[in-house]
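Reviewing the structure listed below.
Labels A, B, C and D are assigned to the chains in the order they are written; within every chain, residues are numbered from 1.
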Amino acid sequence: MRKLAVLTGGGDCPGLNAVIRAIAKSAQGYGIEVLGIRDGFRGAVEGDFVPLALKDVSGILPRGGTILGTTNRDNPFAYQTKLNGVNQAVDRSDNVIRNFKKQGIDALLAIGGDGSLNIALKFVHKGLKVIGIPKTIDNDLMATDQTFGFQTAVDTAQEALDRLHTTAESHHRVMVLEVMGRYAGWIALYAGVAGGADVILIPEIPYNLNRVALSIQKRAKQGKKFSIIVAAEGAKPLGGEMVVERLMEGRVDPIKLGGIGAKIGHDLEEHYGMETRVTVLGHLQRGGSPNAYDRVLSTRYGAAAVDAALEGEFGIMVALQGREIVRVPLQEAVNQIKLVPLNDPLLLAARTLGMELGD
Amino acid sequence: MRKLAVLTGGGDCPGLNAVIRAIAKSAQGYGIEVLGIRDGFRGAVEGDFVPLALKDVSGILPRGGTILGTTNRDNPFAYQTKLNGVNQAVDRSDNVIRNFKKQGIDALLAIGGDGSLNIALKFVHKGLKVIGIPKTIDNDLMATDQTFGFQTAVDTAQEALDRLHTTAESHHRVMVLEVMGRYAGWIALYAGVAGGADVILIPEIPYNLNRVALSIQKRAKQGKKFSIIVAAEGAKPLGGEMVVERLMEGRVDPIKLGGIGAKIGHDLEEHYGMETRVTVLGHLQRGGSPNAYDRVLSTRYGAAAVDAALEGEFGIMVALQGREIVRVPLQEAVNQIKLVPLNDPLLLAARTLGMELGD
Amino acid sequence: MRKLAVLTGGGDCPGLNAVIRAIAKSAQGYGIEVLGIRDGFRGAVEGDFVPLALKDVSGILPRGGTILGTTNRDNPFAYQTKLNGVNQAVDRSDNVIRNFKKQGIDALLAIGGDGSLNIALKFVHKGLKVIGIPKTIDNDLMATDQTFGFQTAVDTAQEALDRLHTTAESHHRVMVLEVMGRYAGWIALYAGVAGGADVILIPEIPYNLNRVALSIQKRAKQGKKFSIIVAAEGAKPLGGEMVVERLMEGRVDPIKLGGIGAKIGHDLEEHYGMETRVTVLGHLQRGGSPNAYDRVLSTRYGAAAVDAALEGEFGIMVALQGREIVRVPLQEAVNQIKLVPLNDPLLLAARTLGMELGD
Amino acid sequence: MRKLAVLTGGGDCPGLNAVIRAIAKSAQGYGIEVLGIRDGFRGAVEGDFVPLALKDVSGILPRGGTILGTTNRDNPFAYQTKLNGVNQAVDRSDNVIRNFKKQGIDALLAIGGDGSLNIALKFVHKGLKVIGIPKTIDNDLMATDQTFGFQTAVDTAQEALDRLHTTAESHHRVMVLEVMGRYAGWIALYAGVAGGADVILIPEIPYNLNRVALSIQKRAKQGKKFSIIVAAEGAKPLGGEMVVERLMEGRVDPIKLGGIGAKIGHDLEEHYGMETRVTVLGHLQRGGSPNAYDRVLSTRYGAAAVDAALEGEFGIMVALQGREIVRVPLQEAVNQIKLVPLNDPLLLAARTLGMELGD
């Protein structure tokens, strides 16, 4: 093991730089050289590499984003290429293999979500030595207890709820906060409990708007003339289809989703005459400095990936299970979304506290 | 001077509680009793008062919102009243005078923006002793150098720009942040400079989208493949009408405004093929704990208002001019919006730094 | 189960109010009344109770401290009492039993650390129905995976390291940050990794100053003319006794400990000529709003304690094990300090990254 | 004007990087080249320059510290030099002139406090074209209304007071926070008002401990069993000498000062039996990201300094007066400490609110 390459793929996520730094520092301790690949798999196809020595990762631990750049589009197996003036998807995966050989790269550390790890898996089948590092701010990857970036996103959403709380209370209003979570409601659930939301709406539990309105009215009768609703972007009214089902059948473009916050606000005003204001947190959840929890987790992932490379274990993904970082087959890691189970302990605690879940 | 009443009117704003606390603490030192009026002028009409002794304001300094509640609707001179089953606007201002007499209230301290201070002025004409305390998060009130809440809103917008910056950089994208500022671009200007925005669009300078796009392309040529745009909600394309003009002529409903961020994002994608993401900061700018600057300013306003009452000066508003809190006639204070002048020193500094202002 | 009493004992810790709120809200859902006991066991002896209805816990979730007050002194079994003008320690535990009977209290929920839970255990032996909720900001309680307040303290310490980092780098200095952790180095270890410290000194690993100085000099040779040291307050030089041993034998007053940061700074200047600055974080780690992680954990503890009471399980402590809140005998929970094991995964990761641990 | 050099001298201060960035960006717009000098005047003597093009200042706006390095020791007019094995102070100012000539530097922009600006002034007398930019976190420079970094330090101190408040309240204790301010009490005054301190002790008002204790006891009688004291590091008991006098006469080493917080804590426990805890904020006030206010001010200073250079005005310092950045003779700018006047409006407001100032 003499030379590793690392890339970051998919959406921005707090902790990416912390993983990159941990890889560079750990590798340096073992005398392994590290190359960075720019803009995810685009750089692997184009041969766009940068050195990642100690000085290159100095000071990046607290910074959001990724110094390597990222993209959630370029797939070497269907690479957008202009042929005879027309854009076509061409298999350029051999370029990647060739570029790696030319650079003398022994193995690839791929930091990414479902999409990037699926591509990584295809390269495993092409003979590349690959180690995956799970990245999804939504925390909805089955193979790992927690992904980095999630706790920071929860902090961000909770701080937003704290802010909205004072306004809601002063104005006797209903405030809706739409947070990330297309398929799974982890951010909404954790931020909702942490921010003291009165209603939490997640994709796993299609909501009955009448129940929501009743719980707001019940609070008003107790003298609480305001309510806070936190809704995952994938939340759906009862009778609407679960987003995850439509996704599995390829009937929905994940980029075009969203807007459930606006719908809830509109419906509460229209059907129940409740003065409502809606805030969509959006990209604010992706940026910014990772919190201590995520910096620790990111650092552990990075160190564990280098350890795995050193021990010659490839085709795997590092994952958190309990307090340990373990290795799971990359094959098993992808394509399995971890939904909030209906008996999740935090979900049950939320019910015990009297929070409305819309069912 | 034995008994003061205080109310908060208009939209939520960081520092309201700090003003209320300063009034209660200062008054207590002078042996003056303070009553709080609930929900702005609604409580004045309905006779909804609460005591504001030291213990009632204990611990509220860091808290956003207002412990008194607020509203931006109820006007005693056109009070929504159900008569014979029909909602009508009725002059209930005499109720206020009567309630004040009944409670033995000597003077009213009204913390509010343009709308609330206008109502306060009408009560001056009815013989009430009134002192105004200026509140507008947009900092667009002519009579005072600065209103409380503004610097906190700028901090919030700047932190959002910091977050978006890492994502923009990692993804090589254009990110648009829409901030408050219907008529005046103060928040956009200050947050834009503080957050290192590349483009700042304010209502005072109708923007030429082509100029904006050119400056983004120029950056790209210099190797900066991302750009950050901050836009006040009142920003307008060249040729569009200034919002403030439409407002003055009563042709626009201020509640329905907004959406300029989405328009800019759409236009840049559509006409210039730039991948763009839009975030609307919205109510997040109103809530949360005031920063130190605003706590100090709020505290000074509160103490100065009690001093004015003690010295028998009414029909005035307290205002910051330079380092001093002065008193200005309430008559002069309202109805004058302070726009960003084209020779504003910070605007010129922004140009010196190469920021694009769209003109 | 009709009436519960709750007290907070020992030092301030972020999340206490979140636990109290969760207890009050959960109990209300089950129709159980809750009384708060003021100032820990003092209020139990003196009969100082306050109601904890929904309105009493409204808005306390984000607030640091405890609305009930706390103390780390009053022990009902050796209660400081003035007898014949002389202060004596008198057993007043029967007062507690009597006061509980008088109030019709069915069970006690005691939120506290080792000291308070030990007292709680003695009351179990006197026949009181007790449920313990673990509280130690140091995270050094054996029976639970994590205590609330710890992650917030780690955030605080990491933010301090971020601040010191820029100063250290600008001035080419060694900066020492002393954090909490008398017996166990959890805060130092987690904050050190999260804050990118170069040296982490914990009580479990007596440090060799020469090793520390060598690692700083090695960095300087690599062009890094600054270094950051984070030291737990219980850190000890090699040859010095482990604090925990002295404590177990009663030879040390835990209140008087501290000052290791100053010693390290002095020794580095004196013996190695390194310009050093020392910061003691102290009480700043205890105050402030709990982060989202700790609010969730606190809320779960509170809800789980009410569930246990409802199911009639007493003499136990609620504890986090993996993702579940479980019940452990109070007897087993106290008196066992959880030190950082030498094979702790994060400790090993810190070594992999090249952090100096002083051994 | 073709080439400018910029250096940062003296202690770390939030906003230094923002000034450097503004200089580089403004100069670039005018086609002027900028060189950075490393580690203050050390780099000027040693000829240690680095380019400051746009890419070198990219992303530094939010970062604390200074990318150029700084020192508060090296004085070219008395430069520590080893001659014949002995350290001596030698006049090396000609080296600076020579290095500037060699590099073709037209003018120096010196960002620094009293010490650095005094050295800069001596270079003016040697014929160098110099523009000063005022830097003192204490805000105690006479010639300017406000220095950058001050508002961020006030934010930091206020946040610390917020944290200590919850602990003080929960434990019924006196908490003392020692903040910066050797000669002037600006930080203590502003943070004290913003953080709701009960007692504010500043160097300008020697304190009578008996008055302090009485005010704490008075609060206790009103049911407030805790109190918060904020003390500037230069605060002095009545009868003690003013630090500023001792300094002017050269009888005190400013580095060795401090410890007044510990003294106040000790005295309150010893003489008044009050349980007290002390926190020294220290270097935490210097580091970290500047707030929006300071980023704006820093940016304006940097742009204004380049404007002055362009217009050929040297031997001056840029300064804030009201809303304008003006130019004042460097001669007048140094050596004049701006103390808190006894009729300062905020000081009077603090008295109106009932805050104890110790006199």
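The definition used in the following text is that a residue touches a chain if its C-beta (ideal position, glycine included) is under 8 Å from a C-beta of that chain, and two chains touch if they have at least 3 such contacts.
As the structure is a computational prediction, the values presented were derived from the model and not from experiment.
Student: For subunit B and subunit D, which third chains touch each of them?
Tutor: Chains in contact with subunit B as well as subunit D: not a single one.
Student: Work out which chains are contact partners of both subunit A and subunit D.
Tutor: Both-contact set = B, C.
Student: Taking each chain's centre as the mean of its C-alpha atoms, which one ends up farthest from the centre of subunit A?
Tutor: So the farthest one, by centre of C-alpha atoms, is D.
Student: Cα centroid separation between subunit A and subunit B, in whole Å?
Tutor: 35
Student: Determine the centre-to-centre distance between subunit B and subunit C, using the mean Cα coordinates as centres, and give it in whole Å.
Tutor: Spacing between the chain centres: roughly 42 Å.
Student: Roughly how many whole angstrom separate the Cα centroids of subunit A and subunit C?
Tutor: 32
Student: By the touch rule stated above, which residues of subunit D touch at least two different other chains?
Tutor: Those would be 162, 165, 169.
Student: Going by the touch definition at the top, which pairs of chains touch each other?
Tutor: Result of the pairwise touch check is A-B, A-C, B-D, C-D.
Student: Touching subunit A in the complex: which residues of subunit B?
Tutor: Against subunit A, the touching part of subunit B is residues 8, 11-12, 16, 39, 63-66, 69-71, 159-160, 162-167, 169-172, 175, 277, 279-280, 282-284, 286-288.
Student: Within their complex, state which residues of subunit D touch subunit B.
Tutor: These residues of subunit D touch subunit B: 21-22, 25-26, 28-29, 54-55, 58-59, 61-62, 145, 151, 154-155, 157-158, 162, 165, 169, 190-191, 193-196, 222-224, 289, 291-293, 295-296, 299-300, 303-304, 306-307, 322-325, 345-346, 349, 352-354.
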